[in-house]
Structures are given as C-alpha cells and as structure tokens.
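Input: structures, listed below.
In the two assemblies presented below, chain A is common to both, partnered first by chain B and then by chain C.
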Partner chain A sequence: MFRKSRAHFDVIFTLAWRYLWRNHRRTLIMLAAITVGVWAMIFMTALMRGMVDDMLLNGIRNLPGEIQIHHPQYRDDPSINNSIDPPDKRLLQALQIPEVQAWTGRVRVPAVISSERDSRGITLLGIEPESEVRLSFDLDSIAAGRFLKNSSDHGLVIGAKLAERLETRLGKRVVIMSQDPDNNIVDRGFRVVGIYKAKMASLEELYVYAGLETVQKLLHLDDQISEIAITGENYRNTANWYPQIKQATGENLQTLPWYEADTYLGAMLAMMDGFVLVWIIVIFLALSFGLVNTLVMAVFERTREIGLMQALGMHPTMILYQILMESFLLLFIGLLIGNVLAVSTIIPLQDGIDISAVAQGMEMMGSSSMLYPALKLNDILLANSIVIVLGLLTSLLPAWHAAQLNPIEALGKD
Partner chain B sequence: MKHLLLILSVCLYSSLSHAADSLATNSAAASLEPAELIKQVMEHWRSDSSYSEMTMTIHRPDWQRSMSMRSWTKGEKTSLVRVTEPKKDAGNGTLTKDNNMWTFAPKINRIIKVPSSMMSQSWMGSDFTNKDISKSTDIIDQYDHRLMEKREHDGHLIYVIESIPHEDAAIVWGKEVLTIRDDYILLEQQFWDQDGTLIKTMKASEIKILGGRTVASTIRMGKVETPDEWTEMSVQEIRFDQAYPDSLFTLSNLRNPRQ
Partner chain C sequence: MNITLRMAWRNLWRHKRRTWLTVGAMIFSNLLLVFLISLQFGSYRMMIDNTLRSYTGHMQVQNKTYNDDPKIRNSFAAIIPLADEIRHQLGTDSVAARGVAFAMTSSKQRSYGLQIIGVEPDFETRVSTLPGLINKGHYFTDINAEEIIIGSVLARNLRVDIGDELTLLGSGRDGSFAAGIVIVTAIFESGVADIDRSMAQVPLGYFQSLFSMGDGGHNIVINAEDLPLVPLVQQNVNDIVHQRKELAVLGWNKLQPGLKQAIQADMASAWFMYAVLIVLVAFSVLNTQLMSVLERTREFGTMMALGVKPIRLGSLVITETFIMSSLGLAIGAVLGSALAYYLSIVGFSYPGMEEMAGKFNLPDRMYPSLSPLSIFLGPGIVFFCSLLASIYPALRLFFLQPVSAMKAV
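On to the complex of A and B.
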C-alpha cells in the first residue's frame, strides 16, 4: 500500500513538474507574481513590525518600565502630594523574581527651569542613575558632558532642545523651581553637567534629570518617591509576571502593566498583530486570482490529455492530486524565492533606514527617525502557511473541475 | 624699573585709600564688609516696617501706562502691595510672606497663590518678575560679595560690589554688580549672565529725602537689549517704622482691605 502510494506520488510529481515547465512563460510569470507577493508580505510586515516595535520600546522606555507603581491619585494629579514610600520588604522580595530585569524608584514632579533669558515648564525627574540607565535612559544619547554619577549628584542633565530654548549650555547654572508637599515654593540652582539628545525632540524639552537624593532634599520629601518602574526582558511577557508584583504591592498602591498604563501602546500591539494578518491575506487575495486563472487555463488547455489519462485508467482523484501538486510546486518555488528575496533585502537594512525626511510626522506617532525592520520568524511562518494553505484551497476548484471531466467528452474536444 | 613702578603704585594706592578713609570718617559705611553693607541698604530701604505710596510706569515702544499703588512691608519677608489707580486695576494686590506669594484680583474675586511656575514671570505686566518682588533680600546670604571699587562722587563714597551667587542658590545670574552710596542708597543693580553679558539693570534716577531718610525715590528697571522697554517706580511718600499689626499681612486683608 505504502509502496503503491509512493509510486503514485512519483508519477504525479513527474507529471506535474513537466506540465509546469511545458508552458514555462506562464509559469515564470506566475512565479514572479508569487515571489513579489511573498516578498511584499514579509518585507512590509518587517517594516511595520519594526516601526511598531520601535514605538512600543520607545513608549515603554518613556513610561518608563513595563510595570509601574504609583499612588492611586498620581496619574490623575502628578503632584508631589501623591508620593509613595520606597518599596517595602514584601515588594523588594517580589522584585527578586527572575522575570524582573531592573527596577527603579523615581521622583517625577512638574517644575520650572529658568536661565537668565527664559523659563519653561518641565518634568523634573529625580533618579538613581545606575538603575535608570538599565531601565530607561540611554547613555548613548548624551551629546555633551556626562550623565549623573550617583543619586546625590548636584548636576543636572537637560535635553539639547531645552538648552537651546533656554539659551544655556553645558557648564552653566540654571534654577529649578517646584513645590514641596506643603505647597511652599522650593528652588535651587543646578549646574548643567550633561546634555542629552532624545529620539524625539518633544521629550528633550520635557524631561530634566537630577539626582534622586538631591531632588528629595530640595522638595523636602525624605525618602519618598513618585513612582516605581519595573522592567522585564520582553514586553510581550509582561502579563505573565504582572500578578506577582501586583500582589506584593497591596491595595493602597496602583500597579499597572504598560499596556494599561498607556492604553494607546497596548492597543498598538494588538492592532499590529491583527494588521499583519490582514495585510498578508489582502496580498494573498490579489495573488489567488492569478493562481486560479493560471490553473484554470492549464486545465482548460489539457482537457484532451486529461481525458486520455482517464481513458488509460487514471483515477480522477489522481488527476485532482496532480493539479494540486502543480499548484503546490508553483507556490513552493514562489515562496522559496520570495522568502530568500525578502530576507536578503531586509538584512542589509538591519542597521536602520533613515526616514528623517518625514521625522516630524513620525514623531507625532511616537516613532523615531530611524526605521529598523524587524524580521520575525512567526510572521514568515504565518505568511508562508497562509499562502500554501489558502493557495491549495483555491486550487481545489480547477483541480476538482479537472477531476470531474468525462473521459469520452474530454477526448472529443480538440 | 619694575621696582619703581611697584613703589609708585603702592604710594598711589595708599594715598588714594587715605583720601577715601578721611572722607569716610563721618560715614559709618567705611568699615563695613560688603555683605553687611548690602544688608544695611536693605535695612535702610525697608526698615523694620515701612509704608509707601508709589507710581509704577511701564513703558513700551508703542504704549505706556502708569499705576499707583500703596505698599506695606514688615521685616524682611513680609509685604503687601495694593493698586489704587487706575480704576480698572484698583484693588489688585500682592501679598508676600516667607517666599510665598499670593495675588488678589477683585474682578474675579479670587486669591491665587502664585505657583513656582509663575515666579519668574512678570509682576503686573512690568519688567519686574514676581521673584524680584518677593525675594529682594535673598541677595544678602545667597551670594558671595566682593568689593570691587571704592570711589568718590559728589562728596559721597561709592562702593561697587560684585556679588556672585552660591553654587546651589536659586539664582540664574552669573553675577550682580551693586553700586551703593555711603548713605546706603542703592544707585544701581546690574544683572549679568554667566557669559559676562549685562542683561538688565535697575538704576536709581532720583534721590530724595522722604520720611526723614534719603532714599532713591525713582528706580528704573530695564533690559539692556531693549532700551525702549522699561519700568519705573517712583515713590511719592514713605513712612518708616510704623507699627503694623500682623493682621495686615493676611489673605483676608488682601481680599478685603481694611487699611
């Protein structure tokens, strides 16, 4: 039985292969269509993924962290009165789980920065440089000077755009003004020790970094902080370990994963997953018309031969298999070339595509001016399996049609 | 040659300072440290308490307006200012107490605590900032003072003091240069940025005897870059050392003037 079906397969394969190349021009055109289609599926998906990944990673870096702990009112009113105590024993223990890559406590309050010439509203971040770097701040973004050394550093790190607006520079003094928990004005002079360049200019104007202890002293906060940010390895896994942290923080604090802290980001991820599927199917639909057309033509042309083979004793099922085999070979070769083409166009672009010409528009979407295509195995598999499965399904129609031919009528056709 | 120069300069210096000393013997300012001198200036201007009536003129290239106001001060950190003229601004008031500041606007019948974000904004549309108004005495202990020059002018000794803010002081200026006359009148206050450019100056343009003291009765504040924009304060009347009750400097008095 097995040997018999093996022999059948050999015959079908040989026949299908030969038919495929009998009209090689048509086959090549169809191959080209499949190749381009598959390439477009994979390449465009990688670009979109890259863009959204970038947006999500940026978003999570800026939140910052995959999980955030706040005072329940802080997110509605980010004032100093809604500060929280540093992590207690229970939370510290929960932060030991292997999923947690880094965590940090920060003070984040609205403040005003002024130079001799201008003053602007900013968000003052009191940070612990060591953990902040692992969580949110990218040391490569320091354009001049240095980042803070420790949490009692008396320096200030501001964005390049803010420095420009304030007409101040590295090494000059600026004044930070804010309010303490009793609503008294507190202020202090800081020397600018570092200037950073963010991927997004709007952030450069917003965030000003100072040492945590220095800020706590300035704001009369003792050891209180505004938020605790925790990050893991992969933002797609956050939901798995989020409950452990939430349990440890108790009811008096608000603990949120990134997709709830910034629902836009969460929606973005869900939308992207859906979008990839829709994109692949749309391209496939366009492809399928060509595929069906090719196969229908092939069947139509060969009516006499199919009749002859049936007359010689070939079972209609074999004819069905044979047409499907033709379709499969066509799709398989097309996919092979398409995949190779897509991967080989994406790899040279791995270092990023400069889209700074439209950077301003991209920035509004929360994306940066470099686009890094993200090739995901899942996306490739999805594209390939959709093309193969749906391709064979669409080929069923002409194949079925061929199998249904009546040998006598078919032989009578000229 | 070098020696000669040195001797010459020493002679010159000593004779100069002798002249200065002899001139200043009848003036108490002579022996004072720069910081003390500035403190005396503040003391002289504000005393333990003071009451003054003044006019503020805001000048811009295409318009100019004046406001009359009355102000009370007590100690170093408490003051109340209330606008009396013109009618549409009358009743606007500002209360400062321990570096906090509240404003009252009768039109909206609200007291607003000036938040830190507005401290460096203009006070009543003038060239003074809220900070200038509320923290005038900061200069004494937030800066390092150095006497730069001592000269004689119109029979008075003039001290020029350079004040450099402390590293962590909440002052944006690179330095301030104060010109003080030996009778504790602040003739000029210059605000320099950290690159050594003069940004704005406050200058006394008229000195009068008011309330039994010689005071700078007209002060003009203006930015160097825009010489045709300035604010002038001229004092018509001053009374010193009146006993004001603490109830004068309260939010309720800011809203409902009893005095």
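On to the complex of A and C.
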C-alpha cells in the first residue's frame, strides 16, 4: 500500500514538474508574480513592524515602564498633592519576582524653569539615577556634561533644545519654581551639569532631571513620590505578571499596564497585528487571480491529454492531485525565491533607514527618525502558510474541473 | 465598429473564463485603490482642517525670527493696525492678531506654568474653533478686560470655576516683572486633552499692558476660505506686509511641519502598497496576453500569409488589452466609488482607530472623500500599466515567420 502510493506520488510529481516547464514563459511570469508578492508581504511587514516596535519601545520608555503605580487621581491631575508613599513591604516583595527587570520611584511634577533670558513650563523629574538608567534614561543620550550621580545630586540635567530656548549652557545656573503640598511657591537654583539629546525633540523641551532627594527636599515631600515604574523583559508579556503586581499594591493605588496607561500604544500593537494579516491576504488575493488563470489555461490546453489519460484508466483523483501538485510546485518555488529576496533586501537595511526628512511627522506618530526593519519569524511563517494553504484551496476549483472532464468529449476536442 | 475592434472583442470571449479572471484581477485592485485613495484624501483633509482650524490657522504673519525662536521679545509693533489693514485689503474678517507669553498661573490651591495667549475678542472667533467650544460662561467682549478663558482639564486641575480669580506671574517683553489678577469668564472643552490641559486666553489689550508689549504682538492668523486657496491668499498677504522688512508670512506647512511630514510618510507607505498591487495586475495581464498570442501562433501565421501586416496584429493584441482594461476600469471604478460613497455617508471605523485618530485631531469615524481624482487616479494607473504589459506580447508578433508559424502546434 505504502509502496503504491509512493509510486503514485513519483509519477504525479514528475508529470507536474514537466508540465510546469513545458510552457516555461507562463510559469516564469507566474513565478515572478508570486515572488514579487511574497517579497512585498515580508518586506512591508518588516518595515511596519520596525516602525511600531520603535514606537512602542519609545512610548514605554517615556511612560516609563511597562507597569506604573500612581495615586488614583494623579493621571488626571498630575499635581504634588496626589503623591504616594514609597513601596511598602508587600510591594517590595512582589517586585522580587523574576519577571521584574527593574523598577524605580520618581517624583514627576509640573514646574517652571527660568534662565536669565527666558522661562518655560516643564516637567520636573526627581529620580534615582541608578534605577532610572535601567528603566528609561539612555546614558548615550548625554551630549555634554554628565548624568546625575545619585539621588542627592544638586545638579540638573536638561535637554539640548530646552538649553537653546533658555539660552543657557553647561555650568550655568537656572531657577526651578514649583509648588509644595500647601500651594506655597518654592524655588531653588540649580547648576546645569548635563545636557541630553532625546530621540524625540519635543521631549527634550519637556523633561528636566534632578536628584530624587533634592527634589523631595525642595518640594517639602518627605519620602513621598509621584509614581512607581516597573519594567520587564518583553512588553508583549506584561499581561502575564501584571496581576501579581496589582494584587500587591492594593485598592488604594492605581496600577496600570502600559497598554492601558497609553491606549494609543496598546491600540497600535493590536492594529499592527491586524494590518499584517490584512496586507498578506490582500496581496494573496491579487495573486490568486493569476494563479487560477494559469491553472485554468494549463488544464485547457491539455484537455485531450487528460481525456486520453482517463481513457487509459487514470483515476480522476490522480488528475486532481496532479493539478494540485503543479500549483504546489509553483507556490513553493515562488515562496522560496520570494523569502530569499525579502531577507536579502532587509539585511542590508538592518542598520536603519534614515527617514529624518519626515522626522517631525514621525514624531507625531510617536516614532523616531531612524527606521529599523524588524524581521519576525512569526510574520514570515504567517505569510508562507497563508500563501500555501489558501493557494492550494483556490487551485481546487480548476483541479476539480479537470478531474470532471468526460474522457470521450475531451478526446474529441481539437 | 471597425474590424480590429470586432476581432478583438470576439477573441476575448473565446476564452471567457480567462478574460474574466484577468478583468477580475483589475476589478479587485481598482476597487481597493478607489476606496483606499478616497479614504486617504478624506483623512488628510480632515487632519489638516481640524488641526489648523482649532488654533494654528492657514497662515500667520510673524516676526522673521519668531518661528525658529518663539521668544517674547521676537514680537512686532503696531499689530492691531496691521491686522485691520489686512482685513480691509483682503475683504475678510478671518484675520486675528495674537500675543503669546509664558506665566506661572496660580489659583488658591494650585499653580501651573502656562502659555498665555492674548487674542482680539472680535476676530478670534473667525480664525479658531476654540471660542465656539465654550461650554460654560461667555467669550470676551472687551479687549482690555482683566479676564481669562481656560480649557476644561486645566480648570479642573486648578480647581477653579467661572468667576474665580487666577494670579499670573511672569516676565514682560523688556524683562520686567509681570503680575496680574484675572477672572475666569469661560471654560471650553475641545475634547483634545492636550488643548484642554494647556490653553489659556486673555484679551489682547490686557495682554499688551501686562507683559509690557506696547502696541506689539506675536502673530496675525489668517484663514483662507478653503485649503486650495491658501497659496493665493498668502501671496496677497505678502504684498500687503512686504514693506515691513521684519515680517514674514508663513504657510501652515511651515507652522506645523509635522503635519505635512506625517502625511508624506503615510503617502510613501501607501504608494508602496499600491505599486505592489499594480505590478501584480500587470503580471496577470502579461501572462494572459502572452498565452493568448502563443496559442494563436498558427492563426497569426495564416493571417500573415494572407497579407496581414504585423502592425495590424500587434494593434489587435493591444486592442484586446484595451477592452479588458476598460472593463476593469469601468467596473472597478463603479464598485469602488459605490463602496466609498456608502462609507462617506455612514462613516468607517476599525479597532484601534479611535486612539490613533485622537493623535491626529481626527474624529472617531472616518469619511472617505470622493472626487474625480480619487476615483480615477488608481484605476487610471492600472489601466496604463496593463497596456504597458501587453507591449511585449504584441512586439513578439513582429518576429513571427509565417511559414514556421503555420506549422506550430
């Protein structure tokens, strides 16, 4: 039994392969179409994935963290009055789970910064430099001077754009003004010890970094903070460990994962997955017309042969298999070349594509001015399996049609 | 009907299924193209309109240095008379002068650093949609009133309501200390959190005295009737202000470069996708026409032996493609427009769009905008590329040898 089906397979394969190259022009054109289609599926998906990945990573870095803990009113009213206590024993214990890569507590309040030339509204961040670096701040972004040394550092790190606006520079003094919990205006002079350049220019103007303890002292906060930010290994897995943290923080605090804290980011991730599927299917549909057409023609031009084979005793299912095998070979070779082409065009682009010509537009979307294509195995597998499975399904119709031919009529055709 | 056309028509229907499959590929991509391009046009237009009409305006007259360096001292003098003159010369009221300064704004309980906009009460309503969004209180009537209008989120954060006082603390144009007390007369809600959180307006006259601006201000906002008219109006405004060398007239793409670039980036990725679709259709046409030429080798050989010139046969093949492409164009455009028209009435939404729309000042539903351009641009290109693809099969006929062709299987 096994040997017999093996022999059948060999015959079908040989016949299909030879038929394919009997009309090599048609086969080559169809292969070219499949190749272009598959290349476009994978290439475009990699670009879009790269953009959304970048958007999500930036977004989560700026939130910051995959999970954030706040006073329930803080997000609506980010004022000093909505501060919280530092993590208690229970939360500290929950933060020990292996999924947590880093966490930090920070003060984040609106403030005014003034140089002798100008004043600006900013967001003052009181941070612990050591954990902040692991979570959000990129040390490579320091363009001049240094980052803060510890939480009682008296220096200030500001963005390059803000320095320009304020007409100040490294080593100069600026004044920070904000309010304490009793609405008394508090201010303090700081020396600018570092200047950073952010991926997104608008953030450079917004965030000003100072030591946590220094800020707490300035704002009369004792040991209170505005938020706790926690980050894990991979933003796609946040939902798995989020419940553990939420349970440990209790009802009096608001604990949110990134996709709820910034619904735009959450929606982008979901939309991207949807886009990849729709794009692959649209391309496949455009291809399927040509595929069916090719097979219909292949059946049409050898109607007599098929009739003859049937007259000689070939079973109709064998004819069905044979047409399907032709379709499979076409799809398989097309996929092979398409995949190789896609991978070999993406690899040279791994160092990033410079799209700074539209940097401000990308910033509106939350993405930076370098685009790094992200080739994901899952996307490649999805594209390949959709093409093979749906391709064979659409080929069923012409194949079935061929198997239904009446041997006598088919033989009589010229 | 001439003979080539009639032959082409008959040839096509010899292979009904093949013809319909090729036309089907065209219809499919034309339908998609009409729908997507209309949707793109609709959303770009809305993005531009909503963003510009809320605050920025179509163009602004500014001090040359202000756009790159928006500081209080980069202002220009006699702003209200100039705005009056522009209004007079353009014959429109959609012109309003503004001043922009920074101040620490405090209520009894809270303090925020804010950008304070000085506006002309009589004309601000003509250039910005914000005054129309007031849901509590009334807009200013007096240009010198010590009053302020703020966004709803800001009001909530400052814990103030209509009639409450706010203290403004900042520095004037000359670096002097600027301090004043204003009364909240209105609260507006635009629905865009960023605007509702940060916008505060005071009357321009009061603004000028508070921040020691003299008779100066920072920009004059001018709106054209419609987006396509912007370049023309901009030219007129340029003529009006050109004798004042310190001034510049900036169009919306200079004022909001991100907007234009976001559209360009979106365009680029959209056209990549369209190009792939179009190439696939072209392959389909190439395949069909090449097959139809090859299978008729004998027929063509006989015709040539009878004295038909290759050019005639070539034009036959092109005519066949022309008929198929026309069918694809007509049916695809009709179906695509029908779909786009239906959605332009009921609107269109997909999961995640609400969040994305908010980022670009778009409503929750999108409405494709149909125009001759959005209908015929995509299908037109498909049509053209299909004809292009049939050139190769048609050219092959010129190398046909009648004798060997007649012997072909």
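Basically, the second predicted complex is superposed on the first by the 414 of 414 C-alpha atoms of A that agree within 3 Å, B and C clash if a C-alpha of one lies under 4 Å from a C-alpha of the other, contacts with A are read in each partner's own complex, and residues count from 1 in each chain.
Heads up, the rule we're going with is that a contact is a pair of C-beta atoms (placed from the backbone, for glycine too) under 8 Å apart; a residue touches a chain by one contact, two chains touch by 3 or more.
Just so it is clear, the structure is predicted and the values come from calculations on it, not from any experiment.
Trainee: Putting chain B and chain C on the same copy of chain A, do they fit or clash?
Mentor: Aligned on chain A, chain C clashes with chain B.
Trainee: Considering only touches as defined above, state whether A:110 meets chain B (first), chain C (second), both or neither.
Mentor: Both chain B and chain C are touched by A:110.
Trainee: Does the superposition put A:187 against chain B (first), chain C (second), both, or neither?
Mentor: first
Trainee: Of the two partners chain B and chain C, which one touches more residues belonging to chain A?
Mentor: C
Trainee: In the overlaid three-chain picture, which partner chain does A:33 touch, first (chain B) or second (chain C), both, or neither?
Mentor: second
Trainee: Once chain A of both complexes is superposed, is A:264 in touch with chain B (first), chain C (second), both, or neither?
Mentor: Once the two structures are laid over each other on A, A:264 reaches chain C alone.
Trainee: Touching A:252, do we find chain B (first), chain C (second), both, or neither?
Mentor: neither
Trainee: Tell me the contact category for A:96 with respect to chain B and chain C: first, second, both or neither.
Mentor: In the superposition, A:96 touches no partner, neither chain B nor chain C.
Trainee: Which partner does A:119 contact after superposing on A: first (chain B), second (chain C), both, neither?
Mentor: Once the two structures are laid over each other on A, A:119 reaches both partners.
Trainee: What is the contact status of A:5 with respect to chain B (first) and chain C (second): first, second, both, or neither?
Mentor: Once the two structures are laid over each other on A, A:5 reaches no partner at all.
Trainee: Pick one for A:174: touches chain B only (first), chain C only (second), both, or neither.
Mentor: first
Trainee: Of the candidate stretches 164-172, 218-226, 272-280 or 344-352, which in chain C collides with chain B after aligning the structures?
Mentor: 164-172
Trainee: Taking the stated contact definition, name every residue in chain A that is touched by chain B in one complex and by chain C in the other, in rising order.
Mentor: Comparing the two interfaces on chain A, one with chain B and one with chain C, the shared residues are 110-112, 117, 119, 121, 177-179, 183, 185.
Trainee: Once bound in the complex, which stretches of chain A touch chain C?
Mentor: For this pair, the touching residues of chain A are 23, 25-26, 29-30, 32-33, 36-37, 40, 44, 47-48, 76-77, 79, 81, 110-112, 117-122, 165, 177-179, 183, 185, 263-264, 266-268, 270-271, 274, 279, 282-283, 285-287, 289-290, 292-294, 296-297, 300-301, 355, 357-366.
Trainee: Which stretch or stretches of chain C touch chain A in the complex?
Mentor: 15, 17-18, 21-22, 24-25, 28-29, 32, 69, 71-72, 102, 104, 106, 108-115, 153, 156-157, 170-171, 257-265, 269, 272-273, 276-277, 279-281, 283-284, 286-288, 290-291, 294-295, 350-356, 358-360
Trainee: Which residues of chain A touch chain B once you look at their complex with the stated criterion?
Mentor: My answer: residues 110-112, 114-117, 119, 121, 154, 172-179, 183-191.
Trainee: Under the stated contact criterion, what part of chain B meets chain A in this complex?
Mentor: Residue list for chain B touching chain A: 98-101, 113, 115-117, 119-121, 165-174, 191, 193-195, 199.
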